[in-house]
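Residue numbering begins at 1 within each chain, and the chains themselves are lettered A, B, C, D, E, F, G, H, I, J, K, L, M and N in the order written.
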Amino acid sequence: MDDITLIAITSIITAGVTTSFGCMGPAFAEGRAVATALSSIAQQPDASSTITRTLFVGLAMIESTAIYCFVVSMILIFANPFWNHFIDQLAGK
Amino acid sequence: MDDITLIAITSIITAGVTTSFGCMGPAFAEGRAVATALSSIAQQPDASSTITRTLFVGLAMIESTAIYCFVVSMILIFANPFWNHFIDQLAGK
Amino acid sequence: MDDITLIAITSIITAGVTTSFGCMGPAFAEGRAVATALSSIAQQPDASSTITRTLFVGLAMIESTAIYCFVVSMILIFANPFWNHFIDQLAGK
Amino acid sequence: MDDITLIAITSIITAGVTTSFGCMGPAFAEGRAVATALSSIAQQPDASSTITRTLFVGLAMIESTAIYCFVVSMILIFANPFWNHFIDQLAGK
Amino acid sequence: MDDITLIAITSIITAGVTTSFGCMGPAFAEGRAVATALSSIAQQPDASSTITRTLFVGLAMIESTAIYCFVVSMILIFANPFWNHFIDQLAGK
Amino acid sequence: MDDITLIAITSIITAGVTTSFGCMGPAFAEGRAVATALSSIAQQPDASSTITRTLFVGLAMIESTAIYCFVVSMILIFANPFWNHFIDQLAGK
Amino acid sequence: MDDITLIAITSIITAGVTTSFGCMGPAFAEGRAVATALSSIAQQPDASSTITRTLFVGLAMIESTAIYCFVVSMILIFANPFWNHFIDQLAGK
Amino acid sequence: MDDITLIAITSIITAGVTTSFGCMGPAFAEGRAVATALSSIAQQPDASSTITRTLFVGLAMIESTAIYCFVVSMILIFANPFWNHFIDQLAGK
Amino acid sequence: MDDITLIAITSIITAGVTTSFGCMGPAFAEGRAVATALSSIAQQPDASSTITRTLFVGLAMIESTAIYCFVVSMILIFANPFWNHFIDQLAGK
Amino acid sequence: MDDITLIAITSIITAGVTTSFGCMGPAFAEGRAVATALSSIAQQPDASSTITRTLFVGLAMIESTAIYCFVVSMILIFANPFWNHFIDQLAGK
Amino acid sequence: MDDITLIAITSIITAGVTTSFGCMGPAFAEGRAVATALSSIAQQPDASSTITRTLFVGLAMIESTAIYCFVVSMILIFANPFWNHFIDQLAGK
Amino acid sequence: MDDITLIAITSIITAGVTTSFGCMGPAFAEGRAVATALSSIAQQPDASSTITRTLFVGLAMIESTAIYCFVVSMILIFANPFWNHFIDQLAGK
Amino acid sequence: MDDITLIAITSIITAGVTTSFGCMGPAFAEGRAVATALSSIAQQPDASSTITRTLFVGLAMIESTAIYCFVVSMILIFANPFWNHFIDQLAGK
Amino acid sequence: MDDITLIAITSIITAGVTTSFGCMGPAFAEGRAVATALSSIAQQPDASSTITRTLFVGLAMIESTAIYCFVVSMILIFANPFWNHFIDQLAGK
């Protein structure tokens, strides 16, 4: 039963680390994009619709990298093929 | 009983680390966004409604990455599938 | 009794680390937001009410990430499900 | 008696680390807020009352994160539930 | 069965680390590109179509490096040749 | 006698680390506040009384975080509850 | 069979680390190049064709370093000479 | 005699580290304060008396954090309660 | 057979690390050079031919350092004298 | 004789580290103060006497933190109470 | 045969690390030099021949440090005196 | 003879580290001071004698911290009281 | 034969590290000097001969520190007194 | 013979590290000084003789810290008192 515990432990740690570190980058990047959007609107209020549209496209792309990390993290917790292999093996025994 | 203790320990540590590190990025990013919003309002008071609206959309997206981390952390404490597996196994024994 | 000690030790360490590291980000972010608010008021005293209102909304959102960390920390000290499990098991023995 | 020593040791270390690291963030943030307040007063002496009021609200919120850390640290030294559990157990023996 | 566990563990850890660290760079870079695009539009609204087009080409190239990492991570989880080798060997035994 | 030595050692190390690291933040912050105060006085000599007063309030709040650390450090050296517990136990034996 | 496992493990880890770290540099560099291209177009819309052409040549060269890393990573996963040597030896045995 | 050696060793290391690290912060901070004072005098020679007075108050407060560290360090070398306890115990034996 | 495995492992790790770390520097440097080239063209469109020519010479020299690393990495994977020595020895045995 | 060696070793290491790290801060700070003094004299040659006087007071205070470290280091080499205790004990034996 | 393996391993690692780390510095430095050259040409197109000539002399000197590292790396792989000593000894046996 | 070797080893390492790290700070600081002196002379050639004199006083004080480190390093190599103690003891045996 | 292997290994590692790290500083410094030379020529083409001459003197001095490292590295590979001592001893045996 | 090997190993490592790290600081500092000298000459060609003279004095003082490190390194390789002690002892045996 030692093996399955090790798989569980590394899955827990990796899931946590992947999400927490993987969200730092996108968070900073979105903060930067939003901040520039705000100062751009203040500088050129007439272009606010173009700025807002470009901002949303940009935020969507940045958010996508955060979602990659969240997806990997969820896969490791709820759909981990290595864990399933060992559970199947345990059940089949 | 050694295995279940190890799962508990790594869950505790990972939950704490995920929340504390995962909140640093969003906190910085929100601080940056709010700061720019304030200086933008000071620079162009007439655009304050557009700025405030864009700020709130941006804060919502940044907060979402913090919430990913908090969700992973809560899952690890209160709905941990690996912990449940071992508890079930212990009960079924 | 070894297991329960390990749970206690990791809970203590994680609670401390989560709060201390998790508070650094929000503290910096609030410092930045307050600083910009002050220089914005100095630059545009007429907009001070809008600035103050936006500042308070922003501080509330940034403080929320600090509170996530404090909550996780308090859960680990006073409502730790893993600790309770072991205490129950110990009592039931 | 090994267990109780370990609890004591980790409580001591965590209490110290939580306070010392947890105070760095707020200290920096307060330094930044005070510094900006001073340069804002120098720039716009007429708005000094608004600036001072906003500064004090901001310092209070930043100080709150330092206090979270100090509270966790004091709880670990003087009202540690894990320590009490072991002391009770020792006394009950 | 020790070997296959080790392969599983390193695959889990590497998959998580590759995605989380590999997404930081692209996230920062996209944040920077979007931010500059926004301030450029604010500065020269007439060139917004050229700017938007160049931005999308650039984002596509930056996103490609994030996708390299995600691909390596998915290969390690779902199409790992080393894992398959050991599973085949186990089955063939 | 091993246990009491360990408590003594960790108390010594933690006391030193808490003070030395905990004083870095406040020292930087005070340096920043004082520096800005000086340049503000140079820029607006007429507001020097307001500036000095605000500076002293700010320094008091920043110093408070340094004092939290010094207090924790002194508690660990001269009023350590864990140390006292073990000394009492030793005496009671 | 221990040796072949070690080769597999180090190949997995190195493949992941090479791609994730090796993509950070190019991602930052492309972000910087794209950002400058955008602000240059905003500053001099007439030179946008020269700028775009130079940008694409530059992105190609930067991407080439990311591809070196991806190539090394793919070689280690799918065409690893050391792995093949051991597999051949195993088969020939 | 092992215990007393350990106490001595940790006291020596902690005393050194506390002073050397604890003096970095104040040194930087004083350097900054003095530097700003000098440039402020150059900018506004008429306010040099106010500047000098504020500088000395500020330096005194910053120096105080360096002195906290030096005091802790001297306590650990010459008035260490833990060391004294063990020496007394050794003498009493 | 232990020795040859160790050689293989260190060759794999070193090859990966050399390429991934060795490509960060050149990638940053090329990003910087391209970025400056673009802003220089925007500033002085008439000198674009001189700028482009100098840029290409510079990129070639920077790329050369990336190629040194790639070459060392390829030598370690496909033409490793130490590996060959051990293979020869193994064959000659 | 093992104990006295350990005391000697830690005294040597701590003495070296305390001086070398403890001198970095003051060196930087003095460099900064001197640099600002020079540019201030260049900017306002008439105030050079006030600047020089303030500089010397400042340098004296910064140097004091370097001297704290040097003093601790000399105490540990030439007047170490822990070393003396063990030497006395050795002689008394 | 253990000794010769160790020599081989350390030679492989050192060769890789020397090249990859040793190329970062020169790459950055060349990037900086090229970037400044480009912006200088844009600023003063008439001096482009002097600038180009000085740039090439400078690049040659910077490249020389990268070549020192590459040379040490090649010596360690193909003309390693320590390796040769052990091979000779092995042959002479 | 083990003890005396350990003393020798730690003396060698500490002497090297103290000098190399302890010289970084002063080197940077002197570089800064000299750099500012040069730009100050360029800005105000008439004040060059005052600037040069202040520079030399400043360099002397900064150099003094480098000399503290060199002195500690020389003491550890050529006049090490701990080494002498052990040599005397060895001779007296 | 163990001793001589250890000497060889540490010589290899130290030679590589000394060159690769020791070349980073000079490379950066030369890059900075060349970059400033180029922008200075662009700013003041008439002074290009003085600038070039001063640049070459400066590069020579900076290169000298890189050469110190290369010399130490070459001494350790080809004229290592410790290695020679052991080889002599081995031969004399 | 174990002792003398350890002395040799630590001498080799320390000599390399002392030179390579100890040369980084001076290299940076000289780069900075030379860079400022060049831009100062470009700004004020008439003061080039004063600037050059001050630069050379400054470079000499900065180089002196690099030479301290090189001297310590050479002492450790060619005139190491600890090594000599052990060689004498070995010969006297």
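Keep this in mind: a residue touches a chain if its C-beta (ideal position, glycine included) is under 8 Å from a C-beta of that chain, and two chains touch if they have at least 3 such contacts.
Please read these numbers as outputs of a predicted model, since none were measured by experiment.
> From chain F, how many touching-chain steps at minimum until you land on chain N?
So the least number of steps between the two chains is 4.
> Need the graph distance between chain H and chain L over the touch network, please.
Minimal hop count between chain H and chain L: 2.
> Let me have the rounded angstrom distance from the C-alpha centre of chain G over to the C-alpha centre of chain K, please.
Whole-Å distance between the two chain centres: 21.
> Averaging only over C-alpha atoms, locate the centres of chain B and chain N and give their separation in whole Å.
49
> Whole-Å distance, chain M centre to chain N centre, using C-alpha means?
11
> Could you pull out the residues of chain N that touch at least 2 other chains?
Answer for chain N, listing residues that touch two or more other chains: 11, 13, 15, 17, 19, 21, 24-26, 28, 30-33, 35-37, 39, 41, 43, 55, 59, 66, 73.
> Beginning the circuit at chain J and going via chain L, which chains come one after another?
Following the ring from chain J in the direction of chain L gives J, L, N, M, K, I, G, E, A, B, C, D, F, H.
> In the complex of these two chains, what residues of chain G are touching chain I?
Going through chain G, the ones touching chain I are 3, 6-7, 10-11, 13-15, 17-19, 21-22, 24-26, 28-33, 35-37, 39-41, 43-44, 46-47, 50-51, 54-55, 58-59, 61-62, 64-66, 68-69, 72-73, 75-76, 80-82, 85-86.
> Of all residues in chain H, which touch chain J in the complex?
1-2, 5, 8-9, 11-13, 15-17, 19-21, 23-28, 30-39, 41-43, 45, 48, 52, 55, 59, 63, 66, 70, 73, 77-78, 83, 87
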